[in-house]
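Okay, so here's the structure we're looking at.
Per-chain numbering from 1; labels A, B, C and D assigned in written order.
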Amino acid sequence: MAKKLQKIAVLTSGGDSPGMNAAIRAVVRSCAYHGLECVGVFRGLQGLIEGDFKMLDARSVKNLINRGGTFLKSARSKDFHEKEGREKAHLNLVNEGVDALVVIGGDGTFRGASIFIKEFNFPIVGLPGTIDNDIHGTDNTIGFDTALNTVVEAIDKIRDTANSHNRLFLVEVMGRDAGHIALNAGIGAGAEEILIPEEDMGKDRLIESLERSRKSGKTSSIIVVSEGDQIGKNIFELAEFIKTNMEGYDVRVTVLGHVQRGGSPSCYDRVLASRMGVAAVDALLDGKRDIMIGTQNNKMVHVSFEEAIKEQQKIDLELIRVADITSI
Amino acid sequence: MAKKLQKIAVLTSGGDSPGMNAAIRAVVRSCAYHGLECVGVFRGLQGLIEGDFKMLDARSVKNLINRGGTFLKSARSKDFHEKEGREKAHLNLVNEGVDALVVIGGDGTFRGASIFIKEFNFPIVGLPGTIDNDIHGTDNTIGFDTALNTVVEAIDKIRDTANSHNRLFLVEVMGRDAGHIALNAGIGAGAEEILIPEEDMGKDRLIESLERSRKSGKTSSIIVVSEGDQIGKNIFELAEFIKTNMEGYDVRVTVLGHVQRGGSPSCYDRVLASRMGVAAVDALLDGKRDIMIGTQNNKMVHVSFEEAIKEQQKIDLELIRVADITSI
Amino acid sequence: MAKKLQKIAVLTSGGDSPGMNAAIRAVVRSCAYHGLECVGVFRGLQGLIEGDFKMLDARSVKNLINRGGTFLKSARSKDFHEKEGREKAHLNLVNEGVDALVVIGGDGTFRGASIFIKEFNFPIVGLPGTIDNDIHGTDNTIGFDTALNTVVEAIDKIRDTANSHNRLFLVEVMGRDAGHIALNAGIGAGAEEILIPEEDMGKDRLIESLERSRKSGKTSSIIVVSEGDQIGKNIFELAEFIKTNMEGYDVRVTVLGHVQRGGSPSCYDRVLASRMGVAAVDALLDGKRDIMIGTQNNKMVHVSFEEAIKEQQKIDLELIRVADITSI
Amino acid sequence: MAKKLQKIAVLTSGGDSPGMNAAIRAVVRSCAYHGLECVGVFRGLQGLIEGDFKMLDARSVKNLINRGGTFLKSARSKDFHEKEGREKAHLNLVNEGVDALVVIGGDGTFRGASIFIKEFNFPIVGLPGTIDNDIHGTDNTIGFDTALNTVVEAIDKIRDTANSHNRLFLVEVMGRDAGHIALNAGIGAGAEEILIPEEDMGKDRLIESLERSRKSGKTSSIIVVSEGDQIGKNIFELAEFIKTNMEGYDVRVTVLGHVQRGGSPSCYDRVLASRMGVAAVDALLDGKRDIMIGTQNNKMVHVSFEEAIKEQQKIDLELIRVADITSI
């Protein structure tokens, strides 16, 4: 029979996202609530290997819920890809008396966790923490909502200047493989065009569409481009193409970059992270050992890691239609 | 057989909420997309009675998606409670050649709409526009998410000064009958206590809980109070009660008030409003004539007005537990 | 001859204001730059009496420049009004080996400092930290600019809802004795009327002016009221007076309250606080012992405490004229 | 004798900046206050040539004070560089019955205005509207303060992620010839290094300084780079140089770009713009015909165009010292 759960470790891994601190806080306080010990692991899976641990109690996580980033820091770990590294990590957990682990990160982190569980039969529960919202099995990831607001506020500012000068702006947003940020923020910002990796618009159709916009009386335009989009991948080249093919257009490029990862989390992300942190400890107490916490239909659900990493969250076709109609 | 749909009117009614402009914009552009005419009605149901109409095309609603409030303005209408008023309204619609109506507002608006539909057999589709999120049949109302962010940002600021002075703050938020804003924003702001109308905590239990917090080492506290809460209804009296019953506590009150209604809508509310606006015109084209558009499980759904107004959206008990655990 | 300066203490006192952390950070880093030791005093003058000290080095103040409030916390100290309290404070400073003190606060703090300097011949330099901008001898106080932005953003939100409903809003802002916040934020928010303690408008003139506004075609109005204003002191009474005397007006009241003290400081306040912190240590190194650092004509200046506390910063009549003209 | 002033035209020219709308509003309302007519010119000097005029009254400029950009739009005008273009412009002004012109823009605009005044003896008053704060004779330009807040908020977000990953970020800000934005925002954001065109640091000194930072215990760094800086001009090259010369550093680049031009103006910029707009009309009424309105020592002043364009506003050496000390 399994040992009774007494001590939980928590770490953040991969790219940071707003709400990770809120999630850590919820895990720590949920441990305190259930009379469990909680240990924080610094610098993600690499810190696990190096034994970079610190005990956390309910007061350790005060004034954190509104902070962007992750106070446990994050890091990519090459060592964790090696059996040797994972063995060290496991040994550290055992020596520290840790019975289970909560990992907050994206699909890369879950892949690593999945291997670790199989190798050492060690219970892990994952929380989806990434701005990209590309995790299968959860309607939302921690940080996605905040990133959308950040992007939309930035584009609102760019539109001020676009309107003042009758300009066309290409705005690159994050999303190497997934267009969720581009599509939602594009609708929210009232973008004239949205280019995402899931759909290949083609340069010629883009020009046609821009010509239609111009004829319909639009004097300035915002095109939101996902960094992984086929024709938008090299955004500066695309800008040149538009300049060459549309006379009299003043085209500018803005790459939003890392501002999208930071910032104080939105209320939605704080609540989602809090719920997920509580659900993670509940799940471990309930004997779960190989799952991600997700949100579906606004309820907390358990999704096997296998399910979570087998494919990427799909784009909602309804949203593409809404984008088309409302940008008319 | 019903006349083919050619002209739609749109209005906002009741308290304004952020995202109403985005919803109007989506209705107008969806009409343009489908080749329908669209007429805006100013000042809600009262404007319907007074015939305060204006034709709107796709360009009429540019640069509106990011604006708080409603450019069509809103108003409470006593006249619409009278048969005579409603008859005038109907006559105006008929004279204007309007075939169907989209109303954006709360349950009061839907009650009025419901009567109107029965009396004149006139097609109406409703969009839930209110910051209170108290409408049955939809997971979210337009404006709720923005209001939560506004409240959380305000409390973040208050916490700066609470922390600097070891003070206790009572913060009143909107929600006469429903605690949705208080509960979500309270979790998001890391409030120590949350008082909502759905649960009667009682003054004595509140004092006990505050004493426990103090003993656990907390030096400042935020209590979020829904304006309709039993013991929080008169927030200044409650503050006096705490001062009297807890020695050495510096207690302050902040009533957030109407800032909660305004502000540029969040990305979530802009996208929700856009989807709902598109779905409203789709529904009318599809022959629907007595429904509210809602969102359930992140999908657009049709909810009969009867269903929407029969009761208020319930508080999620999971959230109350999350609030309890994460404020430990 | 005076002992060579080796150790400086720093504290924040009175009401907190955004930028106080930036000022502390600059004092601490300036000490590190000059090879001086720096000790932080918690909870202001009361902490000085209770010996609540902590050594601070350059790294102790990282990630603080953008935080509202004061991490050294602040408190009002009755004990410091007594000779006995001040003697304890002095003894603590001597025992700790502190050679000089930097106090960040308002005129109350400076009055206390002034007495202390005379009694113990102990060097003190003050930094003006208050949102009210009511300190004589400096064009700006640390926190004023941030508070103005907070107020203006709040009123922008209120205006969304005021415009949507054709309403009149009374918005109370801080400023018990001084109208600086009301006057500047009132101009910045495009308020129709601004009521400040320095000018007694009288209720009748207010009504006349509102009638003129109404006739000129204004459909909604914002009146910014300083909490210390003659007719605005009881803002709810004033609202009733307007309702009684102006037919058909929907009048609402919002008291902005403590949100005005918090929030991440504006760039201006961060730079001002950084400059003043550096200037304070420079002044002490230069043998100054009884001055406040001020900013005049965008230069750092030395103002004797006597000068700083003898009267309050005056309202600029040019601003009153600008308010009158631009609200036409 | 000069004709009595009856009609004033106002335009915005060059790059847009936050607060331009507030300035236009103040000019328009000041005209209304003094009983003058006011005509808005769209698209700057090009619109002057093309006669793109519209009468503006006090109500035309409502709800504009909080909007970024310029509703009169702006444009660069090649035609205005030609005598022929200016003659058309003059003819349009005469035909429209305009007696004087207020131009809001940067030094390029003032140069054009200066020539126009000489050629046609036509009264022009300029307002400094640019985010760069590079105009001689005024302590602040309209839009500078807002841009600083925008930059500082963006870097706060980048620092969240920099701290979470122990990274070095190069952040490029606007300022082709002047380092005012970089220097002030760099201090405000707590940047470790600030590279400005006015000072050539040299790559080797930069590496030395970064090494010192690392030794002092800093684990992440922000370097703010003015786009016109010698070594920062090609920011991606500089990033490569740092990677090559500092082992184990994860270096990232963010180019903030056009978000810096937009956004709702800060309270400071709204008040400054309002004051300057009022002062412009005062100056014209007072017979001035060849000046820029500036702010010096927080007072409105008149600066001849000759003075304003003869050189660029200098960097304040005190600020460079404050940057050095507070980033220790």
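Assume contacts are C-beta pairs under 8 Å (C-beta built on N, C-alpha and C of every residue); 3 or more make two chains touch, one makes a residue touch a chain.
Just so it is clear, the structure is predicted and the values come from calculations on it, not from any experiment.
K.L.:
Return the chains common to the contact lists of subunit B and subunit D.
P.N.:
A chain counts here if it touches both subunit B and subunit D, which gives A, C.
K.L.:
Of all the other chains, whose mean CA position lies farthest from subunit C?
P.N.:
Between subunit C and every other chain, the largest centroid distance is to A.
K.L.:
As a quick test, compute the distance in whole Å between the mean CA positions of subunit A and subunit C.
P.N.:
39
K.L.:
State, to the nearest whole Å, the distance from the C-alpha centre of subunit A to the C-alpha centre of subunit B.
P.N.:
Going by mean C-alpha positions, subunit A sits 28 Å from subunit B.
K.L.:
Can you check how far apart subunit A and subunit D are, centre to centre, with Cα atoms defining each centre and the answer in Å?
P.N.:
Result: the chain centres lie 36 Å from each other.
K.L.:
At least two other chains touched by the same residue of subunit D: list those residues.
P.N.:
Touching at least two other chains: 156, 159, 163.
K.L.:
Can you give me every chain pair that touches, using the contact definition above?
P.N.:
A-B, A-D, B-C, C-D
K.L.:
Which of the residues in subunit B come into contact with subunit A in the complex?
P.N.:
Listed in rising order, the residues are 25-26, 29-30, 32-33, 58-59, 62-63, 65-66, 139, 145, 148-149, 151-153, 156, 159, 163, 184-185, 187-190, 216-218, 264, 266-268, 270-271, 274-275, 277-278, 296-300, 316, 318-319, 321-322, 324-328.
K.L.:
Spell out the residues on subunit A that touch subunit D in their complex, using ranges where they run on.
P.N.:
It comes out as residues 12, 15-16, 18, 20, 67-70, 73-75, 150, 154, 156-161, 163-166, 169, 252-259, 261-263.
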